[in-house]
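Two complexes come next, and they have one chain in common, chain A, joined by chain B in the first and chain C in the second.
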Partner chain A sequence: MNPILRMDGVSVTYRGSVRPRQAVIDANLTLEPGATLGLAGESGCGKTSLALAVLRLLPRSADVDGTILLDGQDIERLTWGGLRAARWASASVVFQGAMHALNPVRTIADQIAEPIRLHSSERLSAAVSRARVVELLERVEIPARRRDAYPHELSGGQRQRVMIAMALACEPRLIIADEPTTALDVVVQSQVLSLLRRLVAERGIALLMISHDLSVLAASCRRLAVMYRGRLVEEGPAHRLASAPEHEHTGELAAAFPTIGDTASRYQGAGEPVGAAGSTRRPLLSAEGVSVEFTDRHRNRVPAVREVDLDVTGDEILALVGQSGSGKTTLARTLLGLRRPDTGVVHYDGRPIPTSGRRLRDFRGNVQLVLQDPTGALNPRHTVYEAVAEGLRVHGGAADEAARVHEALEAAELRPAEEFAGRFPHELSGGQRQRVVIAGALVLCPRVLVADEPVASLDATVRGEILALLLRLRRERGVSSLVITHDLGLAWNIADRVAVMRAGAIVETGPVERVLIDPEHEYTTELLAAVPSFERSVS
Partner chain B sequence: MTDTRDELETRGPASGPPPLLRFVAAKVGGGVVSLFLVAVLGFFLFRVLPGDPARTMTRSTPVSAEQLAALRHRFGLDQPLYLQFRDFLLNLLHGDLGTSYIYNRPVAELIVERIGPTVLLVGTATVLAVLVGLWMGTRAAWRQGGAVDRWFTSVGLTLWSVPTFWLGLLLLMAFGVGVGPLPGLFPVAGMSSPDVPPGVVARVLDVAHHLVLPCLTLVAVIYAQFMMVMRTSLLEEMGAEYLTTARAKGLREDLVRRRHAVPNALLPTVTLIFLHLGLVVAGAITVETVFSWPGLGLLTYEALRVPDLPLLQGTFIVLAGSVIVMNVLAELIYRLLDPRVRDS
Partner chain C sequence: MSAPPNPTGVTGRRVAALAEGWRVYRADRGGLFGLAVLLLVVGLALLAPVLTRSEGLDVTRVRGEPLRPPSATNWLGTDESGRSVLLLTWWGARMSLLVGLSAAALSMVIGTVVGLLAAHFGGWVATLLLRVTDFFLVLPALVLAIALSTVLSRGVFTIVLAIGVTSWPQTARLVRAQTLTVETRPYIERARALGGGHRHLLGKHVLPAVLPLVFATTTLTVASAIIAESTLSFLGLGDPSMISWGSMLKSAMDTGAVTAGAWWYLLPPGLGIAIVVLSFTLCGRALETVLNPRLRGTRR
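After this line comes the complex of A and B, so read on.
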């Protein structure tokens, strides 16, 4: 049987204004019909370039060398007409973050029907193409009545399902899925993955799936390939890569997605608060019976947080886990005093948090926020020094500003501090930017850090460093952290205690070792079951 | 940040039809309030101007104090300000904008008479400029940095920065009067010739003939705005991922552009276009003056020279009103074009 996709010595080079940049170097891949291959790698390793080269979708500034045979046809030799005919009919793509990959001003039915009409040999009547769209939507478990919805009216998971329906529209022999579940939370991710897995298996469609998350790939693909700095460094059956990775980068990628319950992926010092056992572990920041409601556009009251009791004690790392929309960010905002609870009260250090004046400012200095996306959190026109010093200035300034900024940068492991102080955010890597954000919080010597998905936008290797930093801050400076995340693996990595949130309420709280290994609440079990892992990889 | 919409997969369909009626009512209501404020502003703005209107009216002829008093009484200028204001509002409700000093005719009548030519000239020019601008903007953005882009952008910016009266005079000399061997191809002033043969077709052609030069001047000066906004807005969409999706589907480039990129890029231009349509009524004072086009712009110019307060006040209110009406329309149309606005 001829392979559906064959790449021989493929290189992709971007002609830059300064010098050319090689995104892919000499890649060789073969995909048999119906086979599934996972392509793993960090951002910028060239995996998306490689995938887009299959349909010649790279920007004009990219040069592709080598041969790519799609279904036996040499892609580079096709005429434009031949290429357009091959696109979507031979191979279709499920893009990352379907919000942007779908046209916001056209209905989903319209967008699904477009390739059907385009690639059909005869003119299709409206009724025929509508019936086909409904059939496709039903296959991805979206009710037919939603066909006239616009992308923004759907949830993230639904949008990804629409993308999958669209990819199936012309019955292609290959589907390329580029980070199909990256923006989704664990439960939705596992639903989308199993749907995709089932559909390609039923139809014998070959799947090339790209992700930075090795465990997601292992859950869906029989073979895995690892890309590192433009090169394919390792390829093999998923279970072999999981159990015995040969290249060290494979090991690094695997380590970033810990196996819950495996003590080896618990970081040094996690679960061991420094305070002597039995000493006064009184709550530092606590919510008592906190409820928050929102008003939607129909003026209905929608509860976002319901009757939550939660304590963050001195020097502990508490992970607040839950799906998107479970209310964890709202709860965090309430704990930070950014939003007043509708009922209940938030205490800091034994007193209700102040609502105005100097005492509120003192409180804000003690409880600092670290946001998910450091690129958005930093002003691109401020140097690192200014970004870090800003907090001090807001809090009335300090005579020893330079010294304190220096110390905060050192504490966030931006060493040597002098070298970083004058740089701008765009000159830093993602991990360094997140360190700057953390330094900006540390400069005020806070006692609690509230970190909202602190590593969600970071690469696997950097992720570990930032998590280790949070642990070290706790050990060396006694800074507590409340880490908000949908990533149970992160909780297992560093947290002492974990609180599980669902639909606005905390369903379970307890030490990490107990809650994640022997959960009491069925929802926690459900969440844990949805986490993809190497152990459960398809064999 | 968590997105509440991503919540549970079971988010139901939007319940019921969107409250369109409430939206329309709110926008129209807002427009009415703005119109009222404009009327108030119009009244007081022209009352605080220095100078005695009665003296202005009689500048050329010597008049006695009694005659001045009679004149003041006739125009209601001897009443206290609040009574004048009350009468002004009541009259406004009846469509009465007062009486012009210089023409000695109702302002409303004058405006109605002049609004036709203005809408014809500026309306035609705006529509042409929008079409030309959007088309050129799309072309320029699609091949950013290419020869077409460079030419379109530089020519457009040059014309945009040229003073209107200068360009008007230049065209007038070149094509109206005629330069060297070139005969005058188009009439130099007014909207119609006195010696038109009878018949509707002949009259329409005559007006169209008169329209060419002033219209050309206006289009040349304003189309670049639409072009630049369209260009920028399309450039922003060019990197959008849904265009990669469209290409991956196998669509031809022109379909990618027409079906996917342009509908999204058009959104920001809608506001600009309607703002301009609102200003259509204001006429183009310079162009109408240069070409003696009998429109509102020329009327405003004449009123300003005197100054003829009721006439200025009237044109002010009509102009502001049309801007407000067009803005309300823009918001309603934007809502039709962008489904995301519909739900917010």
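After this line comes the complex of A and C, so read on.
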């Protein structure tokens, strides 16, 4: 049988303004019809460039060397018309970030029908194309009555399904999925993955899936390939790569995604409070019967947080887990005093948190925020030094400002501090930016850090470093953390206690070992079941 | 801000920031050109009483023939009273620049403050400010300007005020829209969590992000203010004893210079307006590069 996709010595070079940059170096891949291959690697390793080269979707500044045979045809030699036919009819793409890949002003039915219309030789009647759209929607498990919905009326998971329906529209023989589940939470992610897996198996479509998350790939692909700095460093059956990686980078990627229940995945020091049991164990930041409601555009009151009791004690890392939309972030904002609860009280150190003036500012110095997206959390106009010093200046400035900024940068493991101080955020990597945000919080010597999805937008290996940093801060400086995440693996990595949140209410709280291994609430069980996992070293 | 305890550190940082800003500005050739032209025009306008004699503007004392084309004695020809057009343009620049700049500055300040406050505070503050903005927006600007200049005493200040208070609503709307988008950025929330008050948020984060837009609109406001000034002069509401580019165009129209084909009477004030406006735009764009580090990226 002829392979559906064959790449021989493929290199992609971007002609940059300064010097050419090689994104992909000498890659060889073969994909048989119906086979599934997962392409893993960190951001910037060239995995997307390699995948988009298949359909010649790269920008003009990219030079592609080597041969790419798609269904036996050399895509370099295809005419413009031939290439158009190949796009979508023999291979289609599920893009990353369905919100941006869908047109916000057209209904989903229109958008799914678009490739069908473009690729059919004769004019299709409205009825025929509508029937086809309905069939596709049903296949991706979206009710047909939703066909006239606009993208913003759908949830993230539904939008991703629409993308998949579009990819299936012309019955392609190969689907390229670029980070199809990155922006989705665990439960939705597992639904989308199982849908993709099922469709591919039913129709015998070959799947090339790209992700930075090895466990997601392992959950849906039979073979895995790992890319590192433009090169394919390892390829093989998924279970072999996950259990016995040969290249050290594969090992790093695999290690970054924890297996819940496996003690090897617990970071050193997690779950071992160091302070004396008495004084430090009393609640530092606590919510009592806190409820928050939003008013939507129809003036209906929508509860976001209901009657929540939660304590963050001194010297602990508490993970607040739940799906997106469960009210985690709203609760965090309330704990930070950025939003007032409609009912209930938030206490800090035994007193209700002040609402204004000097005392509020003092409170803010003690409880600090680390945001999800470090790129947005730093003012692009401020240097690293200014970003870190900002907290000090807000609190009236300090005579030893430079020294304290230096110390905070070092504490956030940005060494040597002098080298980073003068840079702008756009000159740093994602992990470095997150360290700057953490340093900006540390400079005020806070007692609690509230971290909202601190590693969700970071690479696998960087993720581990930032988590280790949070742990080290607790150990060395006694900084407690409230980590908000949809990632149960993260909780297993570093947290002492877990609180599980669902639809605004906390359904279960307890030590990590108890909640994640022997959950009491069925929702926790459901969340745990949705976590993609490969049986690393366990099997 | 409360008084910084280490003023040397703060000033040192400001000086360094200014030097860095100038370095970036210098790299922009269009900006340098605009700045040079503006400096030249402003310098010449300021030095007009020193370099030329104002007697040439006095109709009773001129000896030239009316509406003569350019010649060796009058390089840019003469107007309907025999005055040198070169001299008129030179002195007219003073008035036009003064009115244009101060009216644009007034409108920029009012617009920015109203826009920032409306977007930042929201609620009833925004409702109040926006209703006032809407009021000024739907008010026929020319009618208000005429009303103002009849009620107040005639003079430059009245014209500046009339143009200033009628042209700020667009700036306010733009600044409000930009502020609203900036305020949704996570770094604003971070600054708030750090303990920053309203003044810190507006001064350190929102205003610097909004300023490039303000500068861009201000360059356009200068242009429209110069034109508005000429309109008011045209309607006889300006200070009749002062010469401006607008009033030159007006008298050119009045005295039939257009039908007489006296191009030398129309072109100098017209080109003057075009060059000044262009220079402001070039400077505004160069300033934008200084204020927004991300626009520099490609050059490094």
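Quick note on the criterion: the second predicted complex is superposed on the first by the 531 of 539 C-alpha atoms of A that agree within 3 Å, B and C clash if a C-alpha of one lies under 4 Å from a C-alpha of the other, contacts with A are read in each partner's own complex, and residues count from 1 in each chain.
Everything below uses one rule, namely that a residue touches a chain if its C-beta (ideal position, glycine included) is under 8 Å from a C-beta of that chain, and two chains touch if they have at least 3 such contacts.
No experiment lies behind these values; they were computed from the predicted model shown.
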Across chain A, the partner (chain B or chain C) reaching more residues is B
Margin query: Just checking: does A:393 make contact with chain B only, chain C only, both, or neither of them? Give me first, second, both or neither.
Written below: second
**Prompt:** Of the two partner chains, chain B (first) and chain C (second), which one does A:84 touch, if any: first, second, both, or neither?
**Reply:** first
| Thinking of the overlay built on chain A, is A:424 touched by chain B (first), by chain C (second), by both, or by neither? | second
| Looking at the overlay, does A:328 come into contact with chain B only (first), chain C only (second), both, or neither? | first
| task | Return first, second, both or neither, reflecting whether A:401 touches chain B, chain C, both chains, or no partner chain. | result | second
Exercise for review: For A:92, select first, second, both or neither according to whether it touches chain B, chain C, the two together, or no partner.
Suggested key: first
Quick one: classify A:286 as touching chain B (first), chain C (second), both or neither.
neither
Request  = State whether A:364 touches chain B only (first), chain C only (second), both chains, or neither.
outcome  = second
Footprint intersection on chain A (chain B / chain C) at 371-372
The chain A residues in contact with chain B across the complex are 52, 55, 57, 83-89, 92-93, 95-97, 100-106, 114-115, 118-119, 145-146, 149-150, 152-158, 166, 183-185, 188, 191, 297-298, 304, 323-326, 328-329, 371-372, 452-453, 486, 503
Listed in rising order, chain A residues that touch chain C in their complex are 17, 336, 338, 360-361, 364-365, 368-369, 371-373, 376-381, 390-391, 393-399, 401-402, 424, 426, 437, 440-441, 444
Residue set of chain C touching chain A in the complex reads 1-2, 4-6, 9, 185-187, 189-197, 200, 204-205, 208-209, 291-294, 297-298
In the complex, chain B touches chain A at residues 1-9, 11, 13-15, 240-242, 244-252, 259-260, 263-264, 267, 337-340, 343-344
